[in-house]
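Chains here go by letter, A, B, C and D, matching the order in which they are written, and residues are numbered from 1 within each.
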């Protein structure tokens, strides 16, 4: 079983070339998907009988929350690969994922609060999903704080990789304990921001938006990956024509 | 057209929510491109130092 | 026994180890010399496995050291700049611990080693109250006690007086004479008796 | 003949206990910190015991968490500075096992004493005497899980110049499950209800901590020593 694709995956010049070639395509596809999904969600989809037009905020809140979690798990997988097979490319990919994940956690929180205001009358309610999202933001801040605190890039890569793995193991446990905590204090009948029941016309724009956000995530990761690869490459010859 | 923007009263929350979403999307592309440009500059500087 | 091949390592932007390669067999002593910052300490730490080289390989008994790390470390004694001693413990307590985690060691063995390196008079004082030279002697007793085949010594004679430096030279001679291997980073020539040492100059521009 | 695992563990525990009792001030500091935190709440919330009782679980557990994070600062840093931690990594023995022994000793010296002295603060916060037993049990188990978790962050911040805020920034989000189940157990103890469900959860987290945390801590320490 030849591992050529795996070796090629591990060689910075090859990955740099791949990222440079494919980022625009991913970007174009993402933009198209998002625009069509926006049109579908804002105009074509019928209003929800209960939340009326407010439900349309799901088209930006749900994909942001999805991306914030996907970015963290991608980061943890890249970190694990980097630690186990000592691959600089994997560490670079992990470093590339963090800022995007953090920003979309902020977006998920912001859109969640804007959705909460009409539903509950206040911007912030200790709803289990919003609380878990907030804790995920602290995990991102911890990750980036640790990376910033260590000067040597190789050491920072490895230390933050350990934290990313420890973090991803804890995300489901934190989610479980927050739900447990929420079920304890359920006396106040808070109208949970229930998932609006979605029929066909409402659903396909959401699925398309998920796809668009995923493609967008790939685009930005590929751009940042090129930057991280250049930062880690010492004196390799390929850098010369990459930056020529 | 105007009732489209009104979003039967929820527009005041819906449009900022989408603005935030789109804003973060655009912002991250800009940040990524700037990070790439900075890395290229630094790599060029390092190459000059080495040669 | 010990072979280092094509070691490359960067510290920040500085290319400190540029493809260092050498090998050492039983009864051999390698003396690392070179200006400050030439990479003597970096090389020793890379051999010991404390530092991961970006390229190149360290192998012990022709097995990559990283794969058989614990077995390699069981046969290795590493003495860095700072003698690894706890200030609140006495020399005896320190050695009872640091050697005890490696192998069963008796009180007599510890006393004998301390006597050998001239550290017995202050063996029961808290290490915090000792001078740097005295601490170095306690650490040397630890290296003796470890029974390691490979010694990695980083400037072993710092803070030592004249007969202290002679002591280090004699200990190295005995270790090498007994079939052991010593890799030592030194600033000035060591009065080594045997001619079996190899000079490795690092960091020439 | 290489030392066996039990000898290694015994020596590590013995060394750390001897070191701790040679410098007892470092033992008392986390306890005093806990007591001060507990006294701040009546001053800021209300002196009225019945209302303090509602806040008691939060005060006790957040106090326990913060004082355990404080105590973590010295877990590896002293040994790293004087070069002994390096010898742990070079001893040919399993670093994971040695750090696990070291973390358990750290708990014996910080978490356990805190759990045992917590009744003083709890009574002052209006916690009924009947609840003290199960509260101490939950604090003891919870602080053990916190020590294991904190050992990872302590190892990770070795690479940085100063642990301090970064150490708590890494530890606090990960300690949320222990806080949730611990506070729930204490709340049930106060209400006289059975504390089994949250205690099982704390037990599960502690077991997960025992199996995984030392591995991560050993990896973190090896990276930090580079």
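To be clear about the criterion, a contact is a pair of C-beta atoms (placed from the backbone, for glycine too) under 8 Å apart; a residue touches a chain by one contact, two chains touch by 3 or more.
Small disclaimer: the values here were computed from a predicted structure and weren't measured.
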{"item": "Farthest chain (mean CA position) relative to chain B", "value": "C"}
{"item": "Dominant interface by contact count, named by its two chains", "value": "A-B"}
{"item": "Gap in Å, rounded to a whole number, between the CA centres of chain C and chain B", "value": "54"}
{"item": "Length of the line joining the C-alpha centres of chain C and chain D, rounded to whole Å", "value": "36"}
{"item": "Cα-centroid distance, chain A relative to chain D, in whole angstrom", "value": "32"}
{"item": "Length of the line joining the C-alpha centres of chain B and chain D, rounded to whole Å", "value": "42"}
{"item": "Chain D, residues touching no fewer than two other chains", "value": "226"}
{"item": "Residues of chain A whose C-beta touches two or more other chains", "value": "152, 154, 235"}
{"item": "Per-residue overlap in chain C, given as positions that touch at least 2 other chains", "value": "13, 52"}
{"item": "Set of all touching chain pairs, with the criterion as stated earlier", "value": "A-B, A-C, A-D, C-D"}
{"item": "Contacting residues of chain C [partner chain A, same complex]", "value": "10-13, 15, 52, 54"}
{"item": "Complex contacts: residues of chain A adjacent to chain B", "value": "27, 34, 38, 42-43, 47, 52-54, 56-57, 60-61, 63-64, 99-100, 103-104, 106-107, 110-111, 114-115, 117-118, 216, 219-220, 223-224, 226-228, 230-231, 233, 235, 239-240, 242-243"}
{"item": "Chain A residues within the chain D interface of the complex", "value": "83, 135, 138-139, 141-142, 145-146, 149-150, 152, 154-156, 158-159, 162-163, 165-167, 169-170, 173-174, 176-178, 180-181, 184"}
{"item": "Chain C partner contacts - residues on chain D that touch it in the complex", "value": "1-3, 7-8, 11-12, 14-15, 18-19, 22-23, 79, 82-84, 86-94, 98, 225-226"}
{"item": "Residue ranges of chain B in contact with chain A within the complex", "value": "4, 7-8, 10-11, 13-14, 16-18, 20-22, 24-25, 27-29, 31-33, 35-36, 38-40, 42-44, 46-47, 50"}
